[in-house]
Amino acid sequence: MKASAFAYHDPKTVQELNSLLGSLDNVRILAGGQSLMPMLNMRYAFPDHVIDINHIAGLAEVVMTPQGLRIGAMTRQRIVREHPLVLEHAPVLAEALHWVGHVQTRARGTIGGSLCHLDPAAEQPCIAALYDAVLHVSGPRGPRDVAMRDWVISYMTPNLEPDEALLGLTLPVWSAQGQSIGHGFHEFARRHGDYAIVAAAALVSLDAGGVVRRASIALAGVDVKPVRLAVAEQALVGHVLDQALIGTVSAMAATIEMMEDAHITPAYRGRLAQTMTKRALSDALNRATGGRNV
Amino acid sequence: MKIDVSFSVPVPPQQAWPLLLDVPRIVPCLPGASLTADLGDNRYKGQATVKVGPVQLTFAGEAQITDIDDAAHTARVIAKGADAKGRGSASATADFALVAEGEGTLITVVTDLQLVGAVAQYGRAQGLIKEIASQIVEQFAANLRSDILARSQEGVSASSAATDRPTGDADVASMAPTAPVAPIRELSAFALLWGVIKSLFSRKNQSGQ
Amino acid sequence: MSELDHAQTTRHISVTVNGTVYESDVLTRTHLGDFLRQELGLTGTHLGCEHGVCGACTIILDGQPIRSCLMLAVQANGATIRTIEGLAQADGTLHPVQEAFWDKHGLQCGFCTPGMVTTLAAVLEADPTLDETTIREAISGNICRCTGYETIVDAALQAASRMRGDH
Amino acid sequence: MGARYFGAAVKRLEDPKLITGRGQYLDDIPMPGVLHVAVVRSPHAHALINAIDASMARGHAGVVAVLTADDLGEMARKPMPMMAPAPMVKTPLTQSPLAHGSVHYVGEAVALVVAESRAVAEDAAAMVMVDYDPLPAMVDLAHALNEGAAVANQALQSNLAGTLKGGFGDVAGVFAKAAHVFKESLSLHRGGCHAMECRGVMARPDPSGNRIDIWSSTQSPYMVRRALALCLGMDEASVRVTAPDVGGGFGPKAVVYAEDYAIPLAARHLGRALKWVEDRGEHFVATTQQRDQLWELEVAADAQGRMLGVRGHCLHDNGAYLPYGVVLPVTSMSSFPGPYALEALEISIDVIYTNMVPNTPVRGAGRPNTCFVLERLADRVARELGISREDVRRRSFVQVSQFPYETGMKARDGSPVSYDTGDYVQCLERAVDKFESDFKARQDKARAEGRYIGMGIASYVEDTGLAPYEGATIRVQPNGKVLLLTGAAAQGQGHKTVFAQIAADQLGITPQDITVEAGDTSLFPLGIGTIASRVAVTGGSSVHMAAVETRAKAIKVASQVLEAQEADLVLEGGFVKVSGTDRQVSLGQLALMLHGNFGQPLPAGIAPGLSATAFYEARQTTFANGTNLCEVEVDIETGAVKILRYVVAHDCGTLINPMLVDGQIRGGVVHGIGNALFERMIYDENGQPQTTNYGEYLLPLATEMPRIEIVHMESPSPRNPIGVKGAGEGGTIPAAACVISAIEDALSPFHVRLSSHPLSPQDLVKLIDQG
């Protein structure tokens, strides 16, 4: 189980990266390596060129900007999970990362790598969808931003031209503005650290009366890309969030058309989608209300 | 793995029939496929490229048209190819049958596809292989229709275009279709899987249009 | 890849492993685990699956436990690495995790052991307050077919206690 | 002699090197100039080979050779000998070292690519063009004997390799008079062993061609030597086989594989040292697997729920070949009637060929299968009669008064199967006591809260210490240190430690004074192998016998040296002492004497060397037993199963090292839990394996596994000098049955009936909805 031969490139700047991408064929970008390296070792992937972007400066920063929390593509999952800005402004991302792989893979794996590999059940794209993240792409035709809803063009295929690369993303995180924000993330996997079968992330913002002013629900593992439960979100806004309402909107999760693979039936995915949504919303409610509405 | 599809073309069977047997002309309609040599007596060399998510496969191999029944308008295509990188091989037997359908022709293709080796062992991706194969045939049908329409717009009858079927070890370059066909390189994951997702979302009309 | 010339498929690297600096020309396709085993002869790092699941190949790179089968050797240029061979002190004094594995029968065939020990050494050096639940999570990326994990967990708990200086 | 080490939790002698990275597994052995081999394997489940074109591969830079069956001569094409001959098989099929003409499962070895590195060998392996003619594959066990079913091999008329029949008593009579008769259809699915070290073979031919050294990651170096000496037509003394540190075996490494033949053959052919190391992808398709069986059974019980009789039929999938004969179905058969004192039994097992990886024993061999079906039947009786599952077992078990108990079955040699010792009911009670009494109350309370917990129970009896023998040599060296040589190599069990414990007590030294060498055929003449929970009994007994003899010799010689009565002599701290005096002679001095000096005759009646060699011949089997209880919680929304508690009460006779026995049990239980909940080797309808990596094939992880509480009983076996029974598989045998029993109990409000494993959460949700 040894990789086939390839030429190795390690650009130091984004400009070098773009010119390499523009000039080479059959290229794979090596970020954290936790997805690409197995594909190389198992000889599923046969790139002629591997471009290692670990040496490009400035791709691993986490900063607050007016647009939101900006996270460099090369930020390791371990760093994201423990970063004070993430814990303060997007704790649901930190919680989701608890379920991502294992201590050894989080030490290398990057948030950008996950957003480009795009396993249908992956947690990080799910959180990006939850926040309507904006992805920052660079290419020879200059930088461009892609909304998360336009990012996944098909099964494990990001909206990137062959000569483009993902530099980072911005999560337009929610500000409380006198309301209380609660989050929840639940997934069902056979074993700890496995890709989820289905995962659900929820964000709610409640006013003093416990009425939902804003809500976001995202599911992973139900389709080839993360799915936002827009209908359920609308059904929440303007109503007092309680278990009854949670039960009603969770049922909506089961009604979307589920993808099918060799192992998992659509019916089971639907059941998990409903259950994970319910549990994620319950956590969100408890957090927003400081556990008063358990 | 059985894949059944049927599709219509806007010409009657007696015109569609020779057209369908005009391999150099229809191959470019097959997404990701290209013809590399005509070996004579209905045997051809070619290759087809397919993408399953991040994994791109290129099958190179041979295809032969057998059991041609010009009266019943049925034929069988037997094809087999191996991935250039040794990740396995694919073999398919496709039975074509044409029947009149109003002004046009209903073409049914019953394919038995067998994948072996690593390509058949992707596990989680296996559920998508059938969808992908169906999409290839469906896109083939769409391309074939647009080809026919393009020609009829030029006033070139499909049948006359189909009469000069090359034989012997002809020069591949000369086999490019004479009429503009929607340019298709390897079947893009986008086009391909968008179709997959569509069909995942609406399983009713699996058999294309 | 015959089309690729030597220059593109070979790189010179310098890496510090268990306190020793090594200079070497490596094939760019060689993963770090193979480099440690074949080039440096440090065969204590084991390869159990080479697709990043079993954890046997875990080493400590710049303080973090990582899977050496999921990193190219060329990427380790300039890095500081600790392998199972480098955990005990020069005088042979065992690392508390090694000691505990021996005390608690934390190994049987021993093949997953280097990955288990390096993983636990790294996480416990960072935080010796882990409890059974967090220890099980910490080794959830390391597969053992022999022990059923319980004695590994017991070993980790003993090591954590020693590393906290409880006794 | 008081036992100071025998029975104590002695820390392992093996560990210091293994915890510091100084172990030496096959791929760690330095071998200057070694060439690396990649194996070209069949991608087809069943196909004819028309031609093999290796020209492109041979031309690839760094490739030394590409070898097919035709290149390596007749021995490479000849079917390998069956490791356990099976006269009842009409068409015995075994694989040849390299396929020629046809292939019968995905992964069958077709050619070897020899190159300067493994990576280059893999590059070239992809360039070997094999022209196959695919044939229909047989992967459907249930319909394998149907009219018109595809045959797994063109040499076969039918997929039926043979039928085993066994039983005793007046079956018709017992079923006729029984108050209750219940029918069950049960099934188990295949998984792999997944030793964390994959297999591997290295061979170094002597330039003269008269010798060959072979290293194999095997449980049976002596089987490899036997096979290769016969294959190569060489003296056994010229074929040295070494099992280095082996990273787990679990059964499949006891097989002599195609690569064990092909690599030495190729090494001789090329006159070069060669190494092949199985990678994990290969392990999924080239290392034997186990457990596929389909059962139709009936149980007869009296009005009180005592099981009276069992009859049934089994379809057993043995895969494409019979490398180990029919040892699996035989083991399933001989595991009846388990702990139950049945009046009548009638079992038939059809052994079926399919186009999947061949089956040979995986931890437990056929026993977990039989345990699963018997325990399902016992639970069924309890449910139908409305009595506790414990009571059905209490009433049906062989009672303590009945030992030695002849079950009515016949052993492999035709002799009656006779359980030696034990108290099955008492063992069950200990498990129940440990588990706690108020479970029912907690279960009702949990259900009131919408939580579903369940208790599982499973009991087993295991035949251990299998024939024919193991042996050991003990030799005291002039430096006073002791060499202990044996053929029984270990794959993690800790043989060196337990053997040293056994010998140390006899010789009055510490285990640390003893160097144990095992697994090198040049150091000890004969051995069988570490399989079937047999080494503590056979190897341990032989060590004991050799130690006793050495001790006697030391005393005899010392009595002359010290001019003392033998009765007054004791062995202590490396000396033979005259008790109550300060007169003593060290074992080293005695060894020096008996090594001899030029011109000086040895003492009268004393043979050279302070040493002894003994072979223990296992002519009667010993029987371990146990009862497992566990508690699970099922999340009915997701089907997730959490194991909350796991209790093992078990009896493997006298314990040599309780810490190591506990280790065997815990590892075994977790393997069984994997079989119950996680591990499923999936094939598609064409025989293409679908789970060929650790993302798809799920092994148990630390986060999902429970603590395992163990209660020991010690019923010494009278059938060997140290009273021990085997413990290597006792954890695995009942574990899956126990977990399934618990899940069914947890889901009883939904009337869920479980009849197979592994069971996924998705399966359980489906059953809950149907319930």
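Letters A, B, C and D mark the chains as written, and numbering starts fresh at 1 in each.
Everything below uses one rule, namely that a contact is a pair of C-beta atoms (placed from the backbone, for glycine too) under 8 Å apart; a residue touches a chain by one contact, two chains touch by 3 or more.
Everything numeric in this text was worked out from a predicted model, so none of it was measured.
In terms of the stated touch criterion, the partners common to subunit B and subunit C are A, D, listed by label.
The greatest centre-to-centre gap from subunit D, using C-alpha centroids, is found for B. Spacing of subunit B relative to subunit D, judged by their CA centroids, is 52 angstrom.
With centres defined as mean CA coordinates, subunit D is found 29 Å away from subunit C. Distance between subunit A and subunit D, defined via averaged C-alpha coordinates, is recorded as 44 Å. Within subunit C, residues 27, 29, 50-51, 137, 140, 142 each touch two or more of the remaining chains.
The set of subunit A residues that touch two or more partner chains comprises 1-5, 38, 42-43, 191-193, 262-263.
Among the residues of subunit B, those touching two or more other chains are numbered 85-87, 118, 123-124, 126.
Chain contacts in this assembly follow no simple pattern; the graph is neither a line, a ring, a star nor complete. By the contact rule set out at the top, the touching chain pairs are A-B, A-C, A-D, B-D, C-D.
Contact residues of subunit A toward subunit D in the complex are 1-5, 38, 42-43, 188, 190-195, 262-265, 268, 271-272, 275.
Within the complex, the subunit D residues that touch subunit C are 11-12, 14-16, 18-25, 27-28, 30, 61, 119, 193-198, 245-250, 279-280, 491-494, 659-660, 662-663, 666-671, 693-695, 699-703, 705, 707-708, 731. Per the touch definition, subunit D reaches subunit B in the complex via residues 43-44, 106, 125-127, 129, 134, 682, 684, 686, 688-693, 695-696.
Contact residues on subunit A toward subunit B in their complex (touch as defined above): 4, 39, 42-46, 117, 153-157, 223-224, 257, 259-263. The part of subunit B that touches subunit A in the complex is made up of residues 51-55, 85-87, 118, 122-128, 189-190, 192-194, 196-197, 200-202.
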